[in-house]
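Below, chain A partners chain B and then partners chain C, in two separate complexes.
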Partner chain A sequence: MKSIVAALALTTALTLPGLAMARPVTLTTTLNNYGGDGAYLVLYVTDAQGAYAGSLWMAGGKSKYYQHLSDWYRATSGDPAQINGISGASVGAGRTLRITLDLADALFDAGYTVHVDAAVENMRDSPNEIAVPLTTKGAGTPVGGRRYVASFTFEM
Partner chain B sequence: MKKTIAILAATTALAAAIGLSAWSAVSAEPDAEARPIAAAFADGQEAFPLVLVSDDDDGEESDDDDKDDDKDDEDDERPKRSGDDDDDDDGAGRGAVNPAPAGSVTPPQNGLFGNGAAPQVQVN
Partner chain C sequence: MIRTLHRWPGLVALVLLTILALSGAALSVFPAAERLAAPRTEAGLTVAVLAERIRSAYPGVEQIRRAPSGRVIAYWFDAGAPGAAVIYPETGQGVASADPSQTERWLTNLHRSLFLDDAGRLATAAGAAAMLILALSGAVLVARRAGGWRRWFARLRGPLPGRLHVEIARIAVAGLLLSSATALWMAASTFGLLPTATAPAAPVPNHVSGQVGAALGVMDVLAQTPVAEFRELSFPYPGDATDVFTLKTDRGTGYLDQGTGTLLGWVDLTTWEHVTETIYMLHTGRGAATLGLALGLMALGVPVMGVTGVVVWLAGRRARPKISGNVAAGRAETIILVGSEGGSTWSFAATLHRALTEAGQAVHVAPMSAFDPARSGKAQRFLILAATYGDGSAPASAKGFLDRLTGLDAVPLAPVAVLGFGDRNYPAFCAFARDVADAIEAKGFERLLPYDTIDRQSPQDFARWGHSLGAALGIPLELAHQPVPPATEPLTLTSRRDYGAEVQAPTAILRFAVPEMSAWRRLTGQGMSRFQAGDLLGILPEGSTVPRFYSLASGSRDGFVEIVVKKQAGGLCSGQLVALQPGDRVAAFLRRNPGFHAGRQSRPLILIGAGTGIGPLAGIVRGNTQLRPILLVFGMRHPDSDFLYRENLVAWQGEGRLARLVTAVSRGDRPHYVQDALRGEAAQVARMIRDGARVMVCGGRGMAAGVSDALAEILAPAGLTPATLKAQGRYVEDVY
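Moving on, here comes the complex of A and B:
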């Protein structure tokens, strides 16, 4: 009996870390009142070498405009498969986009960086509007953008 | 004793299956060859869209004729994303394949996401 209990405890201890390898993370992006139409935004991650690792969210549903999210587009060639199931509507000026995703623990404190590219109709494109290292220490700290994004925060 | 060994074998197999899939998803680069399990999902993702060649990249000015369903204003210097003239150009024959919206399919197996909840989005 004791051996069964011990075996169960051991295997439970081995199994639980596998189930806890992800955590909910909320990404909050607030736009300036830039006086234009809705912004296309894409949130994506690069690894410690600066190579594209994957996309987190695409705000804007028409792929023909993705070329204006130029850094992301250069890395992906605008491949819709990168953002299937993680896309939604564009975001109006002055509005706040709040996304909660179940992200892998391995992304944090491992050299990964989350980026935001932005573009607005009849206004200048803004690649790499935001670039924030994914560190547990940096969670909850607002970061300002260059053109359209007033602030960006990730919280765990 | 046989029961103990059976339990150990079953739970070890379970732990190995979970560990292998999680490791495969998060430890390799997205396009790396050596990612046996996640690569199977990634292949499926890539095979999903049928991308047709656009007829609109020739730079002709006549592409801005909104009266013709086969043409639109893609060649404008700046994109038109929120105007109403862009909402009616998704008819048959268009080259662009739009992504599947959140909730309609699972997120891509790019190693960034866990196996848990679907994305939650809110715009204020």
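Moving on, here comes the complex of A and C:
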């Protein structure tokens, strides 16, 4: 279990729409026992057009592996500024990553989507492991991932 | 300096390097195994055909990867469930699980981070740095020991641990250099100290056709890329018309339109990426499985070198006295060079060092083998204290000195004094020191003092030389040498057998109990824990500080310590020994004599000895459990009086430990000497030597000379001489 509180530690892109109006959101990602080393996960948001809007968290410290988080890498070219101050260790198989951050109200019910890309050394890359629309209705509903993520939930 | 640089990283990192080397060696097996297990790809197969086969077997295929081993893995989604398998290229069907081996994963994590994440990565990087320093400094030491880089593979002499250490090192050093240097590179890359290897991804092509569903076969790039160059093909996301095919090959990365198959963009691999990949391949063996196995094999030498290195270090510490306040070579005015076999010359050097230091000199003491005037810039004089090994060879700490001397480009201005240590009873008295003095003269060094000698460690001789040295330096110099008595252990006599009284040569076979010792001493081979026939037993007689040496007639496996002693007229030590009764004790210590060991080979042995010289030869026969053919030629005065080991020899012959026994009797009607007996066996001796036999001679000097002459006659028809056999290490003598 990893619990991380990152108050307002967001890129400008996500905090701009409603600077004054934000609410704490807890994102919980639980991995299944895929039988490999710690997974690199990146949580990021795209807008209604599918364009990259900003990153929420990078789990994994070695930038040379970021290319395996291929959707995120393609959108950002691996720009370290995108995850400056919002990164931590990789997440072991079967473990849970929990982060709490203040997300702008304007992001909800406006077509934004939270994505999780995952990668494990010597195993297949899994971009877009999770893609969940940011809606107030969807909060608290666990979603299953494709390969490594057993469940992903965001709660307000 | 170099030695220090070699010793401390080695001792500090011993455990870490053992773990890294063993895990590395184990990991080296995986790429080779993967290569053997990977299904073969038919010649000329293209990526287009392979991908088409896989897509018909797994319609949800997302990615195909080919490892350097040739193993192809496909990843797919089927009804929302991810799948992966090793692919049989001829059918496109999965044949094995693609999950990485848990053992390999465990070993990899141990090898690179000791399961400690970044802290462990730093530790293993430090281990790699230590290994690199060890390999470089060790290479210099090997070259120095062998007497130059060109003599890298020269024959080694000396005690087994040191020999084993160098024997392994000079083969393994290449692999260890490569593995440690590439490890450091990879560590630097992991910690972001190197520019990232990956070029920025090609910009997403804006001009995709928007169509989907082109057949793989019509995509030119795929149809032109042979599988041998192929690395990875990623399929576009189903339902995303803007996505593309991404192809990675040995040459670079390309993007293909999923509707038309046209190449939308191509990025070549950068030189930097090539370098990084090559280094990764060299370290892991992925893509170079045979090299990987070779590196793994070399890594296995690390634990052995660790253990032998510690043994050598401990032995060296014990052998030479601690010299306190030894000034660095670069700052010393006086350099004392020591050529010592057993350590006694070191104790003289220590006395000299102390006296000169008290007189206000900056003095550096070093083994002769470390002689390097270039590193002794401030030296105003060199004092060489040299013992002699055997019949005029260099003692252990002077190996390679003469080669270094002759190889000098420039002769230093500092004058030299040579002092020889030896025993006037030997014809080769101070022969090596003499050679050194001559070579120094010939090289054109200035002479500080005339060549001088010390007979049988005489403190008086040494003090006299000290006065001359003091006079030359203009300082009063009193060298009061107290010989450091060797560390002895009490040996208790358990039995004795007497011979020779009737022929005026009272001789006794003395058998002592092996002294009890701690497990640590046994494990590190200290004291009398391990010895074999042919090694020397030093006995310190009461009333003397100078030890006498006797050849051992037993090995530690026999469970007792045995020597053969003849009472010498007026001999202090032999008199005391021959008077011993069971239960009595003597002070003794062990000196290894690897030059006179029987060795482990199965080649035949010709053992020749007279009188007490039978001792080590009998010990060798007793220890001949592998029943190698042994011919023993033994000379005595009279069979009824001094036929030493008579009953044993008969019994050993019955057991096959001794193939043939020939005796020569020197008293009586027809005096017959060892060399005569040898001539009588000429045919067999010649045959055995042709079969690779080793000749070992033990006894008096006169007998040894006679034997050498007889052998020369016997060998002449075969075009061999005793000298050629000696050079091959097949003719050894232990004479007194």
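We take it that the second predicted complex is superposed on the first by the 136 of 156 C-alpha atoms of A that agree within 3 Å, B and C clash if a C-alpha of one lies under 4 Å from a C-alpha of the other, contacts with A are read in each partner's own complex, and residues count from 1 in each chain.
Methods note: contacts are C-beta pairs under 8 Å (C-beta built on N, C-alpha and C of every residue); 3 or more make two chains touch, one makes a residue touch a chain.
As the structure is a computational prediction, the values presented were derived from the model and not from experiment.
S.K.: Is A:Met123 contacted by the first partner chain B, the second partner chain C, both or neither?
M.R.: both
S.K.: Quick one: is A:Arg146 in contact with chain B, with chain C, with both, or with neither? Answer first, second, both or neither.
M.R.: second
S.K.: Should A:Arg95 be classified as contacting the first partner (chain B), the second (chain C), both, or neither?
M.R.: First partner only, chain B.
S.K.: Give the label of whichever partner, chain B or chain C, reaches more residues of chain A.
M.R.: If we count touched residues of chain A for both partners, the winner is B.
S.K.: Is A:Ser55 touching anything from chain B or chain C once the two structures are fitted on A? First, second, both or neither.
M.R.: In the superposition, A:Ser55 touches chain B alone.
S.K.: Just chain B (first), just chain C (second), both, or neither: which does A:Ser63 touch?
M.R.: both
S.K.: Touch check for A:Gly111: first (chain B), second (chain C), both, or neither?
M.R.: Touch partners of A:Gly111: none, neither chain B nor chain C.
S.K.: Could you tell me if A:Arg74 is touching chain B, chain C, both of them or neither one (first, second, both, neither)?
M.R.: A:Arg74: touches chain C, not chain B.
S.K.: Which partner does A:Gly85 contact after superposing on A: first (chain B), second (chain C), both, neither?
M.R.: The answer is first: A:Gly85 touches chain B but not chain C.
S.K.: After the superposition on A, what does A:Ala22 contact: first (chain B), second (chain C), both or neither?
M.R.: first
S.K.: Based on the A-chain superposition described above, do chain B and chain C contact any of the same residues on chain A, and if so which?
M.R.: Chain A residues touching both partners: 37, 61-64, 89, 122-123.
S.K.: Under the stated contact criterion, what part of chain A meets chain B in this complex?
M.R.: Where chain A meets chain B, its residues are 3-4, 7-8, 11-12, 14-15, 18-19, 21-24, 37-38, 40, 45, 47, 51-58, 60-65, 68, 79-92, 95-104, 106-107, 119-123.
S.K.: So in the complex, which bits of chain B are touching chain A?
M.R.: Checking each residue of chain B against chain A gives 1, 3-4, 7-8, 11-12, 14-15, 18-19, 22, 25-27, 29-30, 45-46, 48-49, 54, 74, 78-83, 86, 96-108, 110-117, 119-124.
S.K.: Can you list the chain A residues touching chain C in their complex?
M.R.: Result: residues 35-37, 61-64, 67, 70, 73-74, 77-78, 89, 122-126, 128, 146-147 of chain A touch chain C.
S.K.: Mind pulling up the chain C residues that touch chain A in the complex?
M.R.: 63, 75, 77, 80, 82, 84, 98-100, 102, 105, 109, 117-118, 189-190, 192, 196-198, 200-201, 204, 234, 237
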